[in-house]
Amino acid sequence: MSLSVCIVLITILFVLFVSFSKEAWSGSIALGAVLVNTGISSWVAVNAVIGHSYLEIINGGPVFGDIPIRVDALSGWFILMMNFTVLTGILYGRRYMKLYENKSGMISLHFASYIINHTSMIGIFIVQNSLAFLYIWEIMALSSFIMVIFEYKNPETLKAGLNFLIQSHICILLLTIGLIWVSSHTDSYDFNSISTYSASVSSAISLVLYLCFFIGFAIKAGFVPFHTWLPYAHPVAPAHVSGVMSGVMIKLGIFGILRMLILVNQNYLIIGYIILIVSLISGVYGVALAIVQHNLKKLLAYHSIENIGIIGIAIGIGAIGIGTKNPFLAFAGFAGALLHTLNHSLFKSLLFYEAGTIYQTIHTLNIDSMGGLIKKMPQTAILFIIAAMAICGLPPFNGFISEFLIYLGLFEGVHSGSLSITTVFILLIAGLALIGGLALLCFTKAFGIIFLGQARSHFDNEINESEPSKLFPGYLIVLFILIIGLFPQWFIRLLINPVSEFTSGITDGFPALKIISNLQSISLVAWVFLLAIASIWTIKRFVLRNKRMVITPTWSCGYSEANSKMQYTASSYVRSYRKLIGPFLIMNKKEGEIKGVFSSPIHSQTHPYDKVEAIFIDFPLKIMNKMMARVRFIQNGNMRHYILYGVVFITIIVFISLLSGVAAYLFNLIKQM
Amino acid sequence: MTNILLIAFAISLIYMGIANRLSTYINILAVQGIILFGVSFIELIQINTINLIFILFETIVFKTIAIPLFLNYVIKKNKIVREAEPFLPDFLSVVIITCIILGSFILSNIITGVHIQKMFFLVAISALLSGLFIIITRKKVVTHIMGYLVIENGVFILSLSTGNKMTMLVNTGITLDIFVSVLVLGVFVNRIGNTFEEMNVDNLTNLKD
Amino acid sequence: MFGYYLIIAFFVGIVSMLNRNRVVRILLLGLFLAIQTAITIYAYFHLNESNTIYFKFDALGVIFMCVLTLLSYTTIYHSFIYLQHRKDSSRSQSIYFAALIILIIVMTCAYLASHLGIMWVFIELTTLSVAVLIYHERTPLSLEATWKYVFICSIGITITFIGIILLSIAIQETEITNFSFKAIPDQLLHVSASWLKMIFLFMIVGFCTKMGLFPMHTAAIDAHTVAPPPISAFISTTLMNVGFISIFRTYSMFAHTSILPWMNMILFLCGLISIIVSAAYLLKVNHLKRMSAYSSIEHMGIAAIGIASGGIGYFAAIFHMILHSLVKASVFYQIDQFHRNFRTYMINETGNYFKRNLPGAMVFLLLLIAITAMPPSGLFVTEFWIFKALFTSGHFFILVLALFFLSIAMYSLAKNFLYILFNQTKNLLPAEEKPNPTETYSQYILLALVVYLGINPPAGMINLIKDAVINLP
Amino acid sequence: MPGLVFILIIITSFFFTGIVIRTKSIFSGRKGPGIFQPMKDIWRLLQKENVYSQTSSFIFKIAPDIYFASVLIAIMLIPFGTQKGIFSFDGDFVFFAYILAVGKFFSIIGALDTGNSFEGMGASREALYSFLAEPAFFILMGSLALLTGYTSFGDIFNGIHFGSYISYAIGTLASFVLILIAMIENSRMPVDDPKTHLELTMIHEVMVLDNSGFDLGLILHATNLKFAMYGAIIANLFLTPGREWYFSIPIFIGVQILFAVVVGTLESFIARFRMSHNPQFIFTITSISLLIFFAVLLILGKYF
C-alpha cells in the first residue's frame, strides 16, 4: 500500500474514531493519530533530508489525472519541522482542552479537525498536482478555521474566524489563478509543468506568474500588507492551535514561496529584491506593532509577522545569491531561511503554549493586569524566558543561529555584491538590527510585566503552576532550542540537502564547510558564555557564603507606602516608544472627562489599531460597500421595474449593436478618406 | 385591406393609451380580437383548413369573447370601480405611444435582408412595446393583465407575418398556454382582490431587499 | 415509451388530486416515483433515441432528468415532513402533491423536448404548475410573490416567443420549417447576423426568467422566499435547470453561426451582472431563503460565464449545474428544519443553531463549504474549470471581476451561516420540537454525492456531459 | 598571544573610570580622587552582603552575573591589531552585539523584577535607546566589511590599514561613532548623567537602585569593562600592522587614556539632553554611520 493512501486511511479511521468516541478520550485518540502519521511521514522525510527522495504517482481519476507525490529534501525538512510542532501541539492541547470538556460540544470536532489539519499539511508538502494541491490547501484552511472558532461563544472569535476564512479564500483564489495560468498553457496539473512553462516564456511573464503565487502564499505567511488576518485569528484560537498556526501553518506560505522559487524559472535578482523589500517592511512593521499590543497573544501574533519578515529576508538573500551566482549568499540565505523557519516554529509554539497556560490560570490575556507570576509559576516563567530570548535572537539559543546565518549572508553580500546589492544589504543590516532591538524591547516588556514585579490585579482563583504533563511539551521544545543553539553545526549538515534543491547549479560543498566551522566557533563561545555565568555564580556563592542575606521591601525612593499600582505597566513601559513611532500607528483612545468637584471614577482606554489594515483593508471595503449599495436598487419590490430591466436590457443591447455598426461604418468612411 | 386593419389596430393602441375606464380597455381588447380575426382570415386563407379554423376560433372565441367576459367578471367581482390610474399623465402616455409607433417604424425600416411584411412588423412591435408600456405605467393589477394581452396580440400579429409555419400541435399548445396563463392570472387577481383592499400594485411591494 | 409515461404519470397526478386518503396518497406517490425512475433508467439506456417527434432522450436532457429524479425522492420526502408539521388539510395536501407531480412531469418534458415550440410550451407549463405550489401557504406575501412570478415569467416567456417567431421569419427564406433542435442550426447559417442577434437576444432574455439570470432574475427570488422550502429547493435547482437547458440549447443552435463572440459577450454580461447583483444583495439580505436564492443567482451567473467562455467551460457549466442542484436542494431541505426550530427565516432573530440542533448545524456548516465552492466541494472543481476556460479564452478581466465578487458573496454567506450557527448574543425561545436527526440524512447523502462527484465522477456521467457538448465548437 | 588584548582591557578597565572622573574634577577646578578610587569602591562593594527585595525573584539574583559574563565574552572577541581575539570567526561582531544584548536583556528584566516604578522607567529607557543605537553599530561594521572585504573583527582590523590615508579619515569618523555608541551603552553624557541625583532623570543608575553588595560591584565593573572594550575597538583602528608589540601596547594604552579624557571632557562641557530629545540624538549616529558607508563606497570607487 502506498504511503499517501496509508496516511489518508489512517486519518479517516481516526477521524471516525474521534467522532464516535467520548469527549474525554478524543484528545488521546488525536494524539495517537498524530503519532502514527508523524511516524510514517517522518520516516520518509528523514530519508528525503539525507538524500533519498521519495516519488510515487497516484492515479487520481478523471478529474485530477495523475497525482505525483514527491518528497524531496525541502519537503522533508518542512515535514519534520511541522511534525514536531504538531506533536507538541497535541501533547499540550489535550491537556489544555480538559478544561472545556462537556461544555462546548465542539471538542470532538476540534480534535477531528486537528487530525485532518495535520494530514493536510503533510499533503501540502508532498502533493505536486495543482488541483489536488488546492484541494488539500483548502481542507487545511477549513480545518484550521474549525479549530480557530473553538470558543465560538465569544463574538470576537467568530469575527476573527470569518476574517481568517475570507483571507485564506483570497489566498487560494490567487493560487488558483496562478495554477490555472500554468495549466491552461501546458494542459497539465503536474507542478513540473510550472517550470517547463516558465522556462518557455519571457522572464517578465514568469515574474508576474511568480508574483501571483507569491501574493497568494504571502497572505498565508502573513507578509505585510497581507497580514491582517493573523493578529485576529491567533489570539482567539485555543493556545495549541495558535501555536500550531503560528509555528507551522504560516510556514506553509513560506514553503509555497520557496517551492515556487524552485519551480518558476525567472530573473532571481529582481524577485530577490522584491522579496527583500516586502520582508523588511514586514519585519519592522510586525515588531513595531507588536510592542504596543496589550493582548499577549496578539503581541505574539505580530511577532510572527516579524519573524516571517526575517525568513523572507533570508529567502531574498538566497534568491539574490542564485541571481548573482554567489554560492555563499545562496547557501547562507536559504539555510538561514530554513533554519529560522524551524526555529520560529519552536519558540513561537512554546510562547503560545505558555500564553495559553497563563490564560487558563488567570483567565485574561491583558498584559497590564498580570504581574509577579514567576513566583507562582516558576517553570512556566523559565520556559517563557527561554523562548523569549530565543525569539529575540539572543545567544546561546536557536534564534541567534539563524539570524547569524542571515547576517553572514548580508555582510558577505555587502562586500562582494554590486552597488545596488551593497546598498540594499546595508539597509537590511540596519533593518535587521533594528528588528532585533525592537524585539528586545518587546520581550523585556512581555516577560517583565507578565512574570516580574507584583501582581497588578487580584484574581479570585488560586494561581498554581500547571501540571507536569502540560509543561512537558514545553521542555521538549526547550531541549531542541538548546540543542540548536549550542550545537548549530549539526543542523547545518542536515540543511545541506534541502538547500541544494535551490542551489543545485551553483553550490558545491565549500560554503557549507565554511559556515560549519564558523558555527563550531559559535558553539564554543556559547559554551564558554555558559561557563562564565556558572563560574561567576559560583564565585559569588563562595564570596557570600558566610554573609547573611537580607530581605527587605523594594527601595521605593522615599515613598513609604509603595504598592503594586505604582509599578511600571506595559503601557508606560512602551510609552516613549509609542510617541516615537506615533505616525505609523493608530491609537484609539477612549477617555472620560473629569466632571464636578467630587468626580466619580473615570476610565481611559487605548487600543492600538493597524494602520496598514486601515489603509489596505478597511478603506477599500468601505468604498466597495458604497458601490454595492448603489447596485441595490434592483430588487425594490416593484414589479413594473422588474419588467423594465428586461426591456431596457434588450433596448441597450440592440442600440449598442446598431451603434457599433454605425461606428464601424464611420470608421470605414474615415479610413477611405 | 390587411393594412387598413393593421392601422386600425395601431389606432386602438393609441386609444388605449388615453383610455381611463377599465371597461374601455376591455372593449378595446375585444375590438382588437375582431381585427385579428380579420387579419388572420385574410392572411391565412390558403393554409390547411383545420389550422385555419383553429386560429379563427382562437381569435374570435378566446380573444374577442371569452377573455373580455372573464375580465369583466373579475372586475365586477372585485368591485373595481376606480379608473386605470396611470403613473403618468394621459398626455404623456399618448406622446410615448406615438413615439413607440414611430420608433417601430424606424426599426422596421432598418431591418433588412429578411423577407418580412413591414406593416406587420411595425404594428407587432408597437403592440408589444405599448403593452409593456401599459404594464409599467398603470397601477391596477387588472390593467397589467390587459397589458399582457396587448403584448400577446402583438405576438400574434408577428406570427401572422410569418404565414404561420408552426405545426398544429405546437400552435394548440401555445394557444392553450396563453389562455391558461390568463386564467391563472385572473384567479390570482381575484385572490389579490380578496386579500387587499385596493387592487393597487403598491400593495404588492412587500417583497424586497 | 415516453408516451406511456406521460399518460400514466398524468393519470397518477390527476388521481392524487382527487384522492383524500393518506395511505393511497403515499402509494400514488410511490407509484409515481417508480414510473419516474423507470423512465429515467429507460432514457439512460436508450440514449439519443427519439420516441416521438417532439421528444428525444438526448444526453443533456437525460443528465438533468437524472438529477430531477433523484431530487424528486428527497423533495417528496421533505414535502411530507413539511406538510405534516403544518397540519394542512387533506385537500390542500392533495393539491400540493398533484401540482408537484405535474411539475415533475412537465419539467421532464421540458428537459427532453427536442422541438423548440414544444420546449417553449412546457416551460410555460412549469410556471403555471409551480405557481400553485408557491402559493401553498396562502399568505398575502405568498400571493404577491406568486403573482409576480407568474406574471414576470409569462412576460418573459412571451419575449422568448417573439424570438421564436423572429426565428421562424428568419428561416422562412430557406423553405424548410422544421423547428427541431437538430434541424435549426443548418438553416441558420444563411441568416444575416443582425437577425440572429435579435433572435438570440429575445430568446435569452426570456429564458433568463427561468434560469434566474440578470436581467430577469427578480421574480425567482421572490418565489423562493414564500414557497414551501421543498418547493424552493425545486425552484432553485430543477426549475433553474430548465432555464439552463433552454439557454444551452439556444446557444447550441447558434453556436456555429457568425455571432458566437457576440453571444458570448451577452452571456458574459448576464452572468457577470448576476454575480455582481447577487453579491450586492448577499451583503445585506437578512432572510435565509432569500439569501439562498441570491446564492443561486450567483451560481447561475457562474454557469452562464462558463457557457460563454467556451472550451471546457461548456462541460464545466453543465457539471456545475448538476452539483449546484444537489447542494442547493439540501440547503432548502435544511432550511425547512431550521424554520421549524426557530419559527422564522430572519437570520438576525436566530443563532446558536449549533447547540440547538447539532446534526442540522453540521449540515449548514458543510453546506457553507459546499456552496461557496471551497474544496472538497465538487463545485470547486467546476468553478476551477470555468475559470480555466475563462483564462484560456483570454477573458482575464472578467475572471478577476468574477473572483472578486464571488469573494464578496462568500464573505456574506459565511457571515450569515456563522451567525446562525454560533451567535449567542440573542436570547432565543427554546425550540418547540426536538430536532429529528433522520431528517438530515438526505442532506448528508446529497453532500457526500457532491464531494464524490467532484473528486471522482463516474465515467457514465462524464460521457453523458461530453456527449451533450459534443456539437459545440 | 590571543589573550593579550583580554588582559590589556581588563587592566585598562581598572583605571578608565578613574581617569574620566579625574578629568572632570580638573575641569571643574578640583583635585579629585585618585584614578583607582572607583576600583576601590567596587572592591569594597564586592565584600558586602547582598540585600534583596521581597518582590524580586531569582531573575534579579542572576541578572548581574549574566550581565557581567556577557561583557567578558564580548571582550574575548576583540582583536589586537594583527592579532586575533581569543575567539575569532566570520561575523564575530554580530555575536559581539548580540551577547551584549543578552546582558542588556537581563539587566532590564532584573530592573523590572523589583517592581519599583523608577526602575521600570529606567528599564524602559534603556531598552528604547539600545534599539535605536543598534543599527548604527551594524552599519558601521558593514561599512568596514565593505572596505576590507572581511567579516570578522580580526580580519577587518587587520585589513583596514592596507588602504590609503583616507582610511584613517574613516577611522576617525568611525571612532567618533564608536565613542558615541560607548557613551550611550554606558549611559553617560549627553544621554544620561551618572552624577544626577534625581531618579526621574536617570537611565542606567535608576535601573540598579535595588542592587547592592556583590551584585552592584559586578554591575559597576561591567561598565568599566565596557568602556575599556570600546576603547580597545577604537584603538584597533589606529594600531598599524607590522609593528611590534612594544609599539602596539603604548598606542593601545594611549588611545584608551585619550578616550577616557575625551569622555571626561565631554561630560564636563556638555549638558545632558532632555529625555525627549534623546531619541533624535541617538538616531543621528545611525545617520552618521550611513555617511561612513557612503564614504567607503566613494573610496572603493563603486559610487560615482
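Lettered A, B, C and D in written order, each chain numbered from 1.
Keep in mind that, in the parts below, contacts are C-beta pairs under 8 Å (C-beta built on N, C-alpha and C of every residue); 3 or more make two chains touch, one makes a residue touch a chain.
Since the model is a prediction, treat every value here as computed from it, not as a measurement.
Asks: Select the chain at the greatest separation from subunit B, using centres from the mean of Cα atoms.
Replies: Most remote chain from subunit B, centroid-wise, comes out as D.
Asks: So how far apart, in whole Å, are subunit B and subunit C when each is placed at the average of its C-alpha atoms?
Replies: So the centroids are 31 Å from each other.
Asks: Where the centres are mean C-alpha positions, what is the separation of subunit C from subunit D, in Å?
Replies: 78
Asks: Distance-wise, how many Å sit between the C-alpha centres of subunit A and subunit B, to the nearest whole number?
Replies: Once rounded, the distance between the two centres reads 68 Å.
Asks: What whole-number Å value describes the gap between the mean CA coordinates of subunit A and subunit C?
Replies: The separation of the two C-alpha centroids amounts to 43 Å.
Asks: Using the touch rule from the top of the page, what residues of subunit A touch 2 or more other chains?
Replies: 632, 635, 639, 643
Asks: When you check subunit C against every other chain, which residues touch at least two of them?
Replies: 147-148, 151, 155, 194, 281, 284
Asks: Would you please write down the residue numbers of subunit D that are in contact with two or more other chains?
Replies: none
Asks: Dump the list of chain pairs that touch, please.
Replies: Those chain pairs which touch are A-B, A-C, A-D, B-C.
Asks: Can you list the subunit C residues touching subunit B in their complex?
Replies: 54, 115, 117-118, 120-121, 124-125, 127-128, 131, 135, 140-141, 143-148, 150-151, 154-155, 158, 161-162, 165-166, 168-170, 172-173, 177, 179, 191-192, 194-195, 222, 225-226, 281, 284-285, 287, 290
Asks: Considering the complex alone, what residue numbers of subunit B touch subunit C?
Replies: My answer: residues 111-116, 128, 132, 135, 141, 144, 148, 151-152, 155, 158-159, 161-163, 165-167, 169-170, 173-174, 177, 180-181, 184-185, 188, 191-192, 195-196, 203-204, 206-207, 209.
Asks: Would you pull the subunit A residues touching subunit D in the complex into a rising list?
Replies: Subunit A residues touching subunit D: 371-372, 374-375, 378, 381, 385, 389, 392-395, 400, 403-404, 407-408, 410-412, 414-416, 419, 422, 425-426, 429-434, 436-438, 440-441, 443-445, 447-449, 452-454, 514, 517-518, 521-522, 524-525, 528-529, 532-533, 536-537, 540, 543-544, 547-557, 562, 564, 566-568, 572-577, 579-580.
Asks: Could you please specify the touching residues of subunit C with respect to subunit A in the complex?
Replies: Residues in contact with subunit A: 147-148, 151-152, 155-156, 159, 194, 197-198, 201-202, 205, 208, 214-216, 218-219, 221, 262, 266, 276-277, 279-281, 283-284, 354-355, 358, 369, 372, 374-376, 380-381, 384, 387-388, 391-392, 399, 403, 407-408, 410-411, 414-415, 418-419, 421-425, 454-457, 459, 462.
Asks: Applying the document's contact rule, which stretches of subunit D touch subunit A when the two form their complex?
Replies: Against subunit A, subunit D makes touches at 46-59, 62, 65-66, 68-70, 72-73, 76-77, 87-92, 94-95, 97-99, 101-102, 104-105, 108-109, 112-121, 123-125, 127-128, 130-135, 137-139, 141-143, 145-146, 148-151, 199, 209-210, 213-215, 218, 275-276, 279, 286, 290, 293, 297, 302-303.
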